[in-house]
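Should a chain be cited, it is by its letter among A, B and C, assigned in written order, with residues numbered from 1 in that chain.
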Amino acid sequence: MGGFNSFVKLFMPKDRVFYSLFEDVASNLVEMSQVLNELVATTDLAVRKDKVHLIERLEHKNDDYTHRIFVELGQNFITPFDREDIHYLAATLDDVADYIHGSAKRMDIYKVHNINDSIRKLAELIHLGVLELHKAIHELRTMSNMRIITDACVKINSLENHADDIYDMAIAELFETEQNAAELIKMREIYQALEIATDKCEDCANVIETIIIKYS
Amino acid sequence: MGGFNSFVKLFMPKDRVFYSLFEDVASNLVEMSQVLNELVATTDLAVRKDKVHLIERLEHKNDDYTHRIFVELGQNFITPFDREDIHYLAATLDDVADYIHGSAKRMDIYKVHNINDSIRKLAELIHLGVLELHKAIHELRTMSNMRIITDACVKINSLENHADDIYDMAIAELFETEQNAAELIKMREIYQALEIATDKCEDCANVIETIIIKYS
Amino acid sequence: MGGFNSFVKLFMPKDRVFYSLFEDVASNLVEMSQVLNELVATTDLAVRKDKVHLIERLEHKNDDYTHRIFVELGQNFITPFDREDIHYLAATLDDVADYIHGSAKRMDIYKVHNINDSIRKLAELIHLGVLELHKAIHELRTMSNMRIITDACVKINSLENHADDIYDMAIAELFETEQNAAELIKMREIYQALEIATDKCEDCANVIETIIIKYS
């Protein structure tokens, strides 16, 4: 479909707005996942509460970007990629933000005091995945080095597999050691929110792969 | 894209069927959420069981409408809005019905006796959200007063935020007071089903906003 | 839209690849659900572990097929059905594989020793549903006997209803009998994964119905 795509690319200059918005989302996610790691590193409950509030504000910022992408999509007939890919990428990046926020919020409202190595490791994997997303999304604008994009996607897939293993072990240990139903459910919810955040990074990588397949 | 949309609007008269079906779904949801509120208001277990059965029948009716929308979508080349928006709106309205039904069914099969204020408040917020959806959907046919639609969508978003707060407080209290694992999980499932119903109302409002952005 | 569809059908010979890939997925799912039934029939823990590993390998095979469908979809302008239906069918078939794998994996990592009749019945219903999917998907290539497809879809819907009932009863019994929080949550997760697998079969049937409505 090279011919058709070249034809589409003629119209790209008008649509820089999508690249900018996706780059804004990616930078915002880098900040969110960074703050999440600061949150799980501290034992100071007041500091932790501040981090949760900051993540909350960043999540609202993400909602605004996502909303703007949808508005632009509704108003632009020509888009740099297929409309459904733009829609799905924006929605899935928003899911990453939601699950980062969701895990942070649960650590706060459930008053979780034993933030452990599994939680810290999952938070780190989310941050590493988001950094790769950031790289891939910044390459979308020029698509001059496809290798950077595919490498980032491969890396995100392997980070997600790693997160799966950490999650499985954390859950197995939780079931063996935690006797209290409420504590068990709270911890499991936090592990789940963190693990789903890495799943959503992988979903983003999958859309990005779909996009570059079509334009290669 | 005014020109293109005006062109599309020429074909609208043929496609009244979609408006009618969406209006049927909206009226059905109003009835479902009304019955849900009657269910959570009564302490008479026989009455409650009747309400659950009524909700079940209404949910099947909703499935039929949704199915008809999908069939019409498959058979009509020209549609009043983008096909994917019709599909997504129908599917998401169906989700609202599913979660209303799901919450009612769980109160029944789990034999929940302590229907509390949080449950009643969430049921009320669902009903209020559904009434706003009903308003917005009835405006879609003429789109003569966009303000009615946007006001309804803003209202639904604020109802969903309110439901989030009620849910968070209910879950926090549950974790602090309920020692029995089975009871804890049952109540949490019911809160979740109710809260997701309000999320789904918000998702509906978001599609409706997408539709009016495109046709404004 | 008969005229338009006939026009599209002219291009079909080029696109046999989609039929073949969907048939490969269907055959792979038949094998996965077969192995799941062998897994829940045995009490030999070493045999069970082997079955889980086999399901894992088959699930990776399914991922590869799904990925190839998405790649083909990105590279082919003309497709035998609407692009979004191909995408959704592939994604939903992949969900069936994921939930079969998810349920098997949980029985393994949670060291579930009391595999009971409810689990065995749900595994059987999944297998029966997958066999119907296999039938329907093999008919898509020629669409010479629509009745075979619609019958399979009706059957899948009824299997899903049956699975719902088994699930509800199993969960109700679990809540009444299991006092240990960890055991309760583990068993509930396994029931859920099995039940969602049957939901996903129904979702597949629904897309297939959508496809045949458009091409009838």
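To be clear about the criterion, a residue touches a chain if its C-beta (ideal position, glycine included) is under 8 Å from a C-beta of that chain, and two chains touch if they have at least 3 such contacts.
Given the structure is predicted, the values throughout are model-derived calculations rather than measurements.
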{"item": "Third chains touching both chain C and chain B", "value": "A"}
{"item": "Equivalent-chain rotation between chain B and chain A, CA atoms, steps of 5 degrees", "value": "120"}
{"item": "Whole-Å separation of chain centres (CA-atom averages), chain A against chain C", "value": "28"}
{"item": "Junction residues of chain B, two or more chains touched", "value": "84, 181, 185"}
{"item": "Contacting residues of chain C [partner chain B, same complex]", "value": "1, 4, 84, 168, 171-172, 174-176, 178-181, 184-185, 188, 206, 210, 213-214"}
{"item": "Contact footprint of chain B on chain A as seen in their complex", "value": "70-71, 74-75, 77, 84, 109-110, 181-182, 185-186"}
